[in-house]
Amino acid sequence: MSERLAAPLSHEDQCIQSMPDASPAKWHLAHTTWFFERFVLAPRAGYRIFDPRFESIFNSYYLGLGTPFTRAERGLLTRPGVEDVMAYRRHVDDAMRDLLDDPKLFKLVELGLHHEQQHQELLLTDIKHAFSRNPLLPAYDPAGPLAMDVSSRLEWFEHCGGIAAIGHEGPGFSFDNERSRHDVMLRPFRLAARPVTCGDYLEFIADGGYARPEFWLSDGWALAQREDWQAPLYWLPGGRTIFTLHGARPLNPGEPVVHVSFYEAAAYAAWAGKRLPTEFEWEAVASEHPVKGNFLDPAQLHPRAARAEDGSRLFGDAWVWTRSSYDPYPGFRPFSGVASEYNGKFMVGQMVLRGGSCATPQDHIRPSYRNFFPPSARWQFSGIRLAEDA
Amino acid sequence: MSERLAAPLSHEDQCIQSMPDASPAKWHLAHTTWFFERFVLAPRAGYRIFDPRFESIFNSYYLGLGTPFTRAERGLLTRPGVEDVMAYRRHVDDAMRDLLDDPKLFKLVELGLHHEQQHQELLLTDIKHAFSRNPLLPAYDPAGPLAMDVSSRLEWFEHCGGIAAIGHEGPGFSFDNERSRHDVMLRPFRLAARPVTCGDYLEFIADGGYARPEFWLSDGWALAQREDWQAPLYWLPGGRTIFTLHGARPLNPGEPVVHVSFYEAAAYAAWAGKRLPTEFEWEAVASEHPVKGNFLDPAQLHPRAARAEDGSRLFGDAWVWTRSSYDPYPGFRPFSGVASEYNGKFMVGQMVLRGGSCATPQDHIRPSYRNFFPPSARWQFSGIRLAEDA
Amino acid sequence: MSERLAAPLSHEDQCIQSMPDASPAKWHLAHTTWFFERFVLAPRAGYRIFDPRFESIFNSYYLGLGTPFTRAERGLLTRPGVEDVMAYRRHVDDAMRDLLDDPKLFKLVELGLHHEQQHQELLLTDIKHAFSRNPLLPAYDPAGPLAMDVSSRLEWFEHCGGIAAIGHEGPGFSFDNERSRHDVMLRPFRLAARPVTCGDYLEFIADGGYARPEFWLSDGWALAQREDWQAPLYWLPGGRTIFTLHGARPLNPGEPVVHVSFYEAAAYAAWAGKRLPTEFEWEAVASEHPVKGNFLDPAQLHPRAARAEDGSRLFGDAWVWTRSSYDPYPGFRPFSGVASEYNGKFMVGQMVLRGGSCATPQDHIRPSYRNFFPPSARWQFSGIRLAEDA
Amino acid sequence: MSERLAAPLSHEDQCIQSMPDASPAKWHLAHTTWFFERFVLAPRAGYRIFDPRFESIFNSYYLGLGTPFTRAERGLLTRPGVEDVMAYRRHVDDAMRDLLDDPKLFKLVELGLHHEQQHQELLLTDIKHAFSRNPLLPAYDPAGPLAMDVSSRLEWFEHCGGIAAIGHEGPGFSFDNERSRHDVMLRPFRLAARPVTCGDYLEFIADGGYARPEFWLSDGWALAQREDWQAPLYWLPGGRTIFTLHGARPLNPGEPVVHVSFYEAAAYAAWAGKRLPTEFEWEAVASEHPVKGNFLDPAQLHPRAARAEDGSRLFGDAWVWTRSSYDPYPGFRPFSGVASEYNGKFMVGQMVLRGGSCATPQDHIRPSYRNFFPPSARWQFSGIRLAEDA
């Protein structure tokens, strides 16, 4: 899948880094392979390291494995070229093939696969950002769909509150940040049955949403003023066209709004007279529904408006910002060994998002899955779901 | 009390702003008076505004009252001078005197008094920062004490977990961020009976605490490297002398360590094999103890080592960083009217601190009191209290 | 004179530093005294250093005398207070009094006096900047004049070109940067007989001067866009009022325009179809005229419109930017000893200004005097004089 | 030649921009073609614009032709791809072929060819910078030579001073900044007969050159401290290996030192007890010698140590920094029309370099040729030539 996602990209496209938060497509391909090489293969006798110089340049942030190459300079790596990275992937894939059945390695291999899924989503959101900065506005896939569906009425899930069990438990895979499973107390609340749409969000804008500080968190207002935000990221001037992975397209009022920061999500909710759900409220409702929705499908790399056949729309389309900071759960213990740096060290200054997006592989998501980004981040497929006290 | 705290300062001292987070002493004096003028007096017929130009320059962040003067430029206000600010305070105090018994105003006046207490603490921490940047290291009060008490053994409060009621309820004053009172689920835990001392912290430093990324949150490590942190703020080179409001003094191993960021607190706890308490854990224990401790006393503006006569040391000396982000409580509703901007708009990107410090007026503190600062902040009297799972 | 210039300032006013390029008034007073102490008194047996801690904090940039206190932090020095600085001045003045007749010290004492004159001008331009940043717009001297004279017609000095002797020679004082006196070749040219006036400059603005890149140097255009320049520094919104040391005053079309950068001066000249003179052209003309003009007079701290009794207006009112970079003259040799850092190390990236201003002591100026500032500087009394090829 | 210089580069290499001052190789190829299209072809009836979107993205700084695409973002242009740029070049080359003999266009075509030569040098210095930032240190041409010649003794040209004619005159091509030809007065001086070598420069380093402020201009010292300069750019840690377009190579003491800033050149000269020549001194000597030296030769992209058969070494190998700011000559008039922005608007804040380098096409250089860069620039082949008063 990773190679397939990179296929529409030229060598130049794969090399670019358009902001420090993003990485080149080629780097994503190499780093996920590096993860298998460093965590699974390197400790084993008999494995031949593909190129010892890759140890640093494709290390993301594992200080336990030495000093990683500076994140903001990944775009400087014109060498190794795309061909070299592909050879690296083949070398490591071949070595991994022999080990897939080794039960002692199962946990690490499983982590490596889930890790690669995370980077598949990032590869798409990162190239979308890069293309958006090119005045030619290239399309990742020019042949994408152009449905103009109508919006659905906003309905609500009711929840009666009380003690809810939160987090992952049991045999299936989960990240360390989903554990330990623990009880939380909830008050009765309502959770919107669908994300906020572009049509909804246009009303917020029309009502002066970006010019009225009373709806905004202080940091958000300061940032929005400093960067002159007037609409979500990727809305083109005029406000009726948006840039997508399928190129510039007319804005579809029925589709979920994406590429908003937590600050915009919170301001929208305040304007609407509602609030954002906590991550616990979201999970309490979502765990009662099947994991079904518009997930990664290379033919449609954009959220979809609701269709009659959709059931609940709790998963897919757009990650939704919750009103929960990314704090550790009670009893949190990082993965052991080198993977201990995977999640825990990022547990400050970030907000939790839930539910997956149109760029998330379907089998990557669980009701207990916690995604997290700084409240200022806009380049992910991040959207809004409302809640209110019952 | 505010005037008394400013008394040791020259006019020049009162005008200085040594970083954007801090404010001049004179500005604190004027702003707390401004709060009474704008919130209580200005809406009343017959009140004469002291100087209409003060409306903007002494507004801190109330966008509902117009555009405040740029925060980072408060140090430019050599005019109005200290004498003018004192005249402003007298003018407003006189007008307030007639209204103190008006029951309709009671809530606002009470808020104004608690507001002024907060700025009394800030006046001290801000001038401490300013003096620390002066190569002459002036002392706010050169006559302060020089006790060298020994440290006490670390003991623990045990808590059996279960449902705990958190937040403020009832007739006494509280800020809106302490409400609504609600239940949380706790697991059994232990809370340290005293804060971490300088002596404890010296061991962390000696063991390479500032050079070992495995203890640190990622943002904290990056910041510590960028700013070359080797010890808490105000520890002078050599590590055996610290700058205090009483001037440079030998470090007392028995006294609580202060002027650490959340990042340092979390790194220390990881190094110690413990963790920081959540704000709920702290409150569950603290609400069972009397509010007693080393609070604001102009004769001793520094944390004290434990003495035999001390009982529990849950309050005073040092605010302690909790492992809780500053999120809204369930059912949170901001103050009504112009005071709605008081707390709610800051509920992102900050961590909760609890318990008050040696610079906090004693009657300002409650077990439900939530202080909050960004995880990078070091110029408050912020310290560390350990916790662990039972 | 220095004390007299500081007299209208409060202690708070004297402590402020409103940008890194400016210094507090108190610091100017102390630094000029420091210059005498370090350069003249300290090397002499028997002199008692006033306070050894002043050696660093009042050192401007003499690396040969140790590491100076960080320039941008001079505003942090609330201590030593104004009273302490005055005591410092008295201490040094007393010690100097006994040495004034010592012929061996004459050169250094003379340099110290000229040095102090330079700081008298800076004291005024620095406090003007500080007051301009205060929303109350305080006046240094509220009682200043308010003449609204008419502008004079623009006339020209003719010069026939050829070999001109440039620079200082002979017994009188000069800075090292005015030497050695050397010949330059000039082509025939004309030099404007008066500086450009505010009225002239208003035409440039009205004709879109700040919006037409064709008149601008590339760096200047970029800076003007970045900082949104629409008029000279200190012109208040609306363009008909300017902030002066006498407070906000109606703009007088007849008075020389000041507080323009080199970039604006060059753009104005291009718009006018003329050019700026080289420093050699200016000196070739100026050396044929008496040094007469509107120099420092505490009763009028602003350029004056021309009056009938004025003769040539080559000196005073406004320093004029020349089209000459501040390069060393042939045979340039820095002062010997610690004063070697006085001028030479700044000979890159700056432009030469000539003629003195309304804030320059009259006996400080010579035809060969070279002032210099970066092309972006606007807070000096810097203006424009046109030239053209004959 | 341009295509030939790009030939060793992958598509990824050609897309990269490693700092705002540098441009991608692909962009250089497109921009030089754009120059012909916009300046020569576009105004002519019948010419078909290749792609109207290129008008902005390949405009460097000609504001008279609309707003150029942001310089610092040229690396974002993964599209148009290298293939597209090559097609663009063919399209324009074909159209130009028909016009080469048109005498009315001769001046513009000639300018376009000289313009392309300038970008050939920049293509090389820019990719050198990009490769130097890659931890793999790729070689542009791994097969380059590895001569270790010995240094030659330093000899001097004598010049008796007097009136010298400077600048270009006559039928051959020159840039506008070389005109008008005019007389300057020179004092007797000596000019070094060869550039300063790496061996010479090692002595400066060994003598603490980078740690002794007395040799440095103030801005240079500040920059060197801030960026921790210890050697010229591209000298690898240890100081005995340098990064070249032929990869990392042992430092050759006999070869001219390059990649020094003006600040380093001036500091070296001060340490050596000499000075840098003015641009007039250099030209007065150089105009008496044939234009001969080590110019652009793709087989050797690095300065060469002196060989017996070399005559005077005034040209080639390394541009030499002069002690002359880049000011306009008397009578300077920019090119007419759109080319007026070519040179004049950059005449502030830069220093003049003379003589050409190992990356300059030989027929591009004249004795009157003025190159210019800011004093901080190090990524060009910039070196040092000493001078002294006779």
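When the chains are written out, they are named A, B, C and D in that same order, and each has its own residue count from 1.
Simple rule for what comes next: a contact is a pair of C-beta atoms (placed from the backbone, for glycine too) under 8 Å apart; a residue touches a chain by one contact, two chains touch by 3 or more.
The model shown is predicted, which means the values in this text are computed figures rather than measured ones.
When chain centres are defined as mean Cα coordinates, A lies farthest from chain C. Note: Cα superposition of chain B onto chain C, rotation of 180 degrees, nearest 5. Taking each chain's centre as the mean of its C-alpha atoms, chain A lies 46 Å from chain D.
Mean C-alpha positions place chain B and chain D at a centre distance of 57 Å.
With centres taken as mean Cα positions, chain B sits 36 Å from chain A. Which chains touch which is summed up as A-B, A-D, B-C, C-D.
Residues 61, 63-64, 163, 182-185, 187, 213-214, 216-221, 262-263, 266, 323-328, 330-331, 340, 345-349, 351, 375, 389 of chain B are the ones that touch chain A when the two sit in their complex.
The residues of chain B lying in touch with chain C in their complex are 10-16, 18, 53, 56-57, 69, 73, 75-82, 130, 133-136, 138.
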